[in-house]
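Naming follows writing order (A, B, C, D and E), and every chain is counted from residue 1.
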Amino acid sequence: DRDEAPVASTDKGPATELRLGYFPNVTHAAALVGLDQGLFTKELGSTKLVPTKFNAGPEAVGALLGGSLDASFIGSGPAINAYAKSNGEAVRLIAGTTSGGAQLVVKPTITKPADLAGKTVVTPQLGNTQDVSLKKWLAENKLTGKVKVTNLENAQTLDAFKQGDVDAAWLPEPWSSRLVLDAGAKVLLDEASLWPDGKFPTTVLIVRTQFLQEHPETVKALLSGLVSAIDFATTDKAAAETAVNKQLKEATGKALQPAVIDRAFQNIQITADPIASTFPQLAKDQVTAGIAKEAPAVAGFADLGPLNDVLSKAGKPAVDAAGLDTK
Amino acid sequence: MTATVEADRAVVDSVSPVRFHQVGKAFGSGRSAVVALEGVDLEVAAGEFVCLLGASGCGKTTLLNLVAGLDQPTSGRIELSSSRPAVVFQEAALMPWLTAAGNVELPLRMAGVPKARRRAKAAELLELVRLGGLGDKRPHELSGGMRQRVALARALASTTDNTGSGAGKPSLLLMDEPFSALDAITRDVLQGELLRIWRATGTAILFVTHDVREAVRLGQRVVLLSSRPGRVVRQWDVDQLPEAEAVDEINTELRRVISSHAAA
Amino acid sequence: MPQLDLQEGSVEAGLDALDTPVHSSQGSLARRIAARAFPPIGAVVLLVAVWQVLWAAAFWPEFKLPAPLAVWAQIWQLVTSGEILELFWVSVHRAVIGFALSLLIAVPLGLAIANSRVVRRGIGPLVSGLQSLPSVAWVPAAILWFGLNDRAIYWVVLLGAVPSIANGLMSGLDQVPPILPRVGKALGAGRLSGIRYILLPAALPGFLGGLKQGWAFSWRSLMAAELIATSPDLGQGLGQFLHNGMSLSDISMVFAGILLIFVVGVGIELLVFRPLENSVLRARGLTVTAR
Amino acid sequence: MPQLDLQEGSVEAGLDALDTPVHSSQGSLARRIAARAFPPIGAVVLLVAVWQVLWAAAFWPEFKLPAPLAVWAQIWQLVTSGEILELFWVSVHRAVIGFALSLLIAVPLGLAIANSRVVRRGIGPLVSGLQSLPSVAWVPAAILWFGLNDRAIYWVVLLGAVPSIANGLMSGLDQVPPILPRVGKALGAGRLSGIRYILLPAALPGFLGGLKQGWAFSWRSLMAAELIATSPDLGQGLGQFLHNGMSLSDISMVFAGILLIFVVGVGIELLVFRPLENSVLRARGLTVTAR
Amino acid sequence: MTATVEADRAVVDSVSPVRFHQVGKAFGSGRSAVVALEGVDLEVAAGEFVCLLGASGCGKTTLLNLVAGLDQPTSGRIELSSSRPAVVFQEAALMPWLTAAGNVELPLRMAGVPKARRRAKAAELLELVRLGGLGDKRPHELSGGMRQRVALARALASTTDNTGSGAGKPSLLLMDEPFSALDAITRDVLQGELLRIWRATGTAILFVTHDVREAVRLGQRVVLLSSRPGRVVRQWDVDQLPEAEAVDEINTELRRVISSHAAA
């Protein structure tokens, strides 16, 4: 039989390079700002930063599990999957970056949840953050089975919506804004309204467990960079928008329209707090949403020690692991 | 030196089925061009049986291909007034996906002959070439001589269509060494059959062979081609000559033509 | 001896009649089926054994290489819930329709390319260019143009399979010994009857190879389309199943999906193309035994 | 006349020597190149014209069908910035390496399958099954196993191209007239020299068709892999470019990407496979003119 | 009825290169089986020239294939003690991707003969079959008879390897109607060349032909096969008989055998 005793690795000092995943999306604003302003490289010192662009969570998870990525900004759904599918081995949650920024946008003719019956609603990907949220919400509104849930890439959703092929979509920023501004969609529901204080993790930062154990210094440097980036973004919103748009253009060749990025920024909250307290709920929601048969175990997922070290060094309040840091 | 068509045979028409006017054929171009035929003047009268002799590689097959319309001459002109000529190719070239009977039926099928008549005709023709009962064999299951006979039967099948555009025109049969792979006895039998068919249908036949005796026995006229380039060197009205004498004379001439070429 | 065979052989039938050497035809039917089934089953068993050993050796962590049993559990669950029927039905019927449509378009196209120099020069390279475009590239455009429905999927399948089948037919036609169409012409074949009675059957062995590749292209394109476009309207096919596994980073589900797609590929090969190929080759005396 | 040709013909060279009928060989070289280049260019011009008309008629909204000019602008921008060189280089060199590797694996495999009945029965269907697996299905597994690097991409390309090339070779070998290997044996061919001197060259015309399909598979697989796996380590290839277009829902960029991929496909066809095919067919007297 | 090997020729060995013991060969199985050969006992002595006669489809090619090891007998036993026999097939079966010279060089290439010697040998053999200067033609550019001669040259090239495992063993040449597509003169020349080679090398030859005159002129012994199934009916030591008498006698017997079969 398999002999499964993962060898606990020890501190090996700063890594020679850090391969960091991110998505060219407004919900990854902190990452984009940090990259744009060189905040990560500054903190990392001699460690070379290799930023790697992804378009969807599962691919980033694959790269992390395959060992070709050390840390990644990622949605909370795929983050939970990565932890659960590797039996709690492969990755750790070390910080949050964005809260909020997901909306259910609909055709103007739809004004209340019940109108969605018989309609097609799109989410970006099966089991991703928005998909789970939508399905849970549908279940709570007794709409499960009455609404057709389709998965489409965000870009295609925009086109499909313009064409009238889909009637509604539960999307992260900037796509909800683009649907509203470019395609005349209306907001039926802001996901923030479903959570206490309107706070829920949209994007978090996870790191390979092995990397965390071997290079805690590097991880701390990364977190310092992240905290600086969050500072930058929260203090000078206009500069942050410019930086994000510049990165988007660099990563994809096209920038967003100013109106879209403005609106998108209004809907997100950039924060280092992963809002750990919501994770058990998020895991349970997967069952409600019919994605998983049993709630993935999330205990032991978070390791917020390094983040809190960094925060206290910067004279900021620590964030709460809400018991997520122990199995 | 033109052949006189015997009056006692059933001649459909007096128009020559095919007439060559200074026909030349070269393959390829440039330095590597091969001139297979040059300045060939030849006429086959309706219902005439002409045998073509010549060294290996002198252009006999090429000449037949020109008549059959499978190649175009590079110079000169060919006047064809027969219906589509039936051809027995030098290689059997059977369709490998069809049985022997299927091969014989093929021209009938393409001419739209109904199935039952096709079947009967194919069986009859296979019987004629002494392959009765072997209709369901595939080409790769037949011996070389058997394949040649199937090809012969197939060509005969393709002559029987005289209903379409070819109706009324003189018919023409082109045969490229059709008996070369046959034993003496089978060959005798098929030569007899061929003569019978020729007499009965009045078709003109252009027959390539290397066997001078065969040429003399079958043909009314024997045409000798030279090689490189192929030209008509001499013709004999062998009907007029005693067989042994004709064979000797042609053999001598053939030897002269071929060795003069070899020396050149 | 051969006399004896004459008696025994008469009960045998089917495509194998010519295949088995004379002496082995005395073996029972069961034995012959076994001889035929053993090699592929043996190969599969070997593969699974290697997989199990690799897994048991914990050479890779579980999330990289799932346990054979875990994958089997996934499949078994699909079987018991009956879901597997829908998966197969949705994908296979689409693939068959798409392939049939492709044939209808590709055969005239291939004939035109192979027979006319102008068409060959004008369209030939474009067809090959089309063939080199990945199906995934077409999916977004197809959804844009046709909406999220079967038409989009068929469009992707057609773009994958048509060039491949046309090219296969073309290469089959190119190899036809020129003597055969010449003979056909001499036997009175017109343009159409020459194609029908001479060119197409003559090109068949090569064309079959092209068909196999064309089928592979259409099946792959379908899977790619299903992988990318998911919607309840489209039903749940094998591609969608695989996609779900990927989205959930569930490696055992991914493996189950790959395995099911693979099984369909092998099944179609064994049930459709292999017998076709064997009978075509055998009728022409082109069997392996011959050499 | 032929005498005259002898003089003129001697300045002609290249593969066309045999192709052009005798009388047309008197045309100038420029004229002959034009005759050869016209059909494909004409076809492309026609396509673009139709596209422009469709677009000008505003039959579809701009986000469904971009203006030809907008697409051209995209491409032109790539050209002026020099980016296009990187795009081509990254993708084409990978495809060539992947294809070469596939050849190395597929040729022995195809030979084994075609020549041994046990291998054919055991592995043959598995190879066909592998061929029917879409490349996209392998990408996640490849990234998991090899990481986000060229090895993963080559793995995907190999899995796409090897079965296809092996199958193509197999079908080419199946069509070899059995008399040729028999002759080879009688002339003293051993197992290896028989393969080297008889089977492989005899199967070449059919194999070339398989190679073309194999190339299409490897190029498509590469594009699929590039479409999905993006990393600075991987460089920016055509697939990535296309992907960016898709994620931006920028239809003119998508079209530009498709067009560039298509251009590579056509280019390889015209520069590599067409001349190869022509020379092989011509040497064996299998040209279109012959029929 | 065994042939006496002439003492004045260069005979390598006194072991028979090939000996058939009650050899039978059937194609296919079941009802559709074709028995091509049955109970054939035949021995070719070292250095002997044996001609094989028989009706079309009687099993001559099959017999040659058995000797060449290209097919296995379904009953009986074949003892082969020669080095690998060289074969001229009934069809030319040239490799279509090689030029004429390339085809002739092929066996030399496979035997590892260096390029320069290969070239020279091929040119020499092509000259021998009267195809000098046509070495760079492709098979499809050659006439039927030219192809047959290239195949002949190729087979002769494949006999020249006596260095490998076959060294010291008696050599054997199998020829299946090698001259059937040639004109009389070329055929005469090549018959002469064949006899010269046979005398010079002491190789044994098994020669299939339909031309009784050819068989008598070339062979020391003539073997007549019956058809369905192929059996050895009679043999003649034609060295012992005057040519005309032998031809007549064999022709009569051939006619008897073939017509008795046709009647059956």
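In the analysis below, contacts are C-beta pairs under 8 Å (C-beta built on N, C-alpha and C of every residue); 3 or more make two chains touch, one makes a residue touch a chain.
Which chain is which protein? Per UniProt: B, E = ABC transporter ATP-binding protein; C, D = ABC transporter permease.
Predicted model only: the values in this text are computed from it and were never measured.
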Reaching chain C (ABC transporter permease) from chain B through chains that touch each other, fewest steps: 1
Count of contact steps on the shortest path from chain A to chain C (ABC transporter permease): 1
Farthest chain relative to chain B (centres taken as mean CA coordinates): A
Whole-Å gap between the CA centroids of chain C (ABC transporter permease) and chain E: 46
Centroid spacing, where centroids are CA-atom means, of chain A and chain E in whole angstrom: 83
Overlap residues in chain D (ABC transporter permease), where contacts from two or more other chains coincide: 63-64, 140, 144-145, 178, 182, 228, 246, 249, 285
Interface hub residues of chain B, defined as touching at least two other chains: 28, 91, 140-141
Junction residues of chain A - those touching two or more other chains: 58, 62, 65-66, 153, 155-156, 159, 163
Footprint of chain C (ABC transporter permease) on chain D (ABC transporter permease) - complex, ascending: 36, 38-40, 42-44, 47, 60, 63-64, 114-115, 117-126, 128-138, 140-141, 144-145, 163-164, 167-168, 170-172, 174-178, 181-182, 205-206, 208-210, 212-213, 215-216, 219-221, 223-224, 227-228, 239, 242, 246, 249, 251, 254, 257-258, 261-266, 268-270, 273-274, 277, 281, 285-291
Partner chain B, residues of chain E touching it in the complex: 27-28, 34, 53-57, 60-61, 90-91, 130, 141-146, 149, 176-177, 180-187, 210-212, 251, 254-255, 258-259, 262
Residues on chain B engaged by chain C (ABC transporter permease) in the complex (per definition of touch): 68-70, 84-87, 89, 91, 93, 95-98, 106-107, 109-111, 138-141, 154-155, 158, 161
Footprint of chain D (ABC transporter permease) on chain A - complex, ascending: 24, 50-55, 58-59, 62-63, 65-69, 153-156, 158-159, 162-163, 252-254
Complex interface listing, chain D (ABC transporter permease) residues touching chain E: 179-180, 182-190, 193, 197-198, 201-202, 204, 280, 283-285
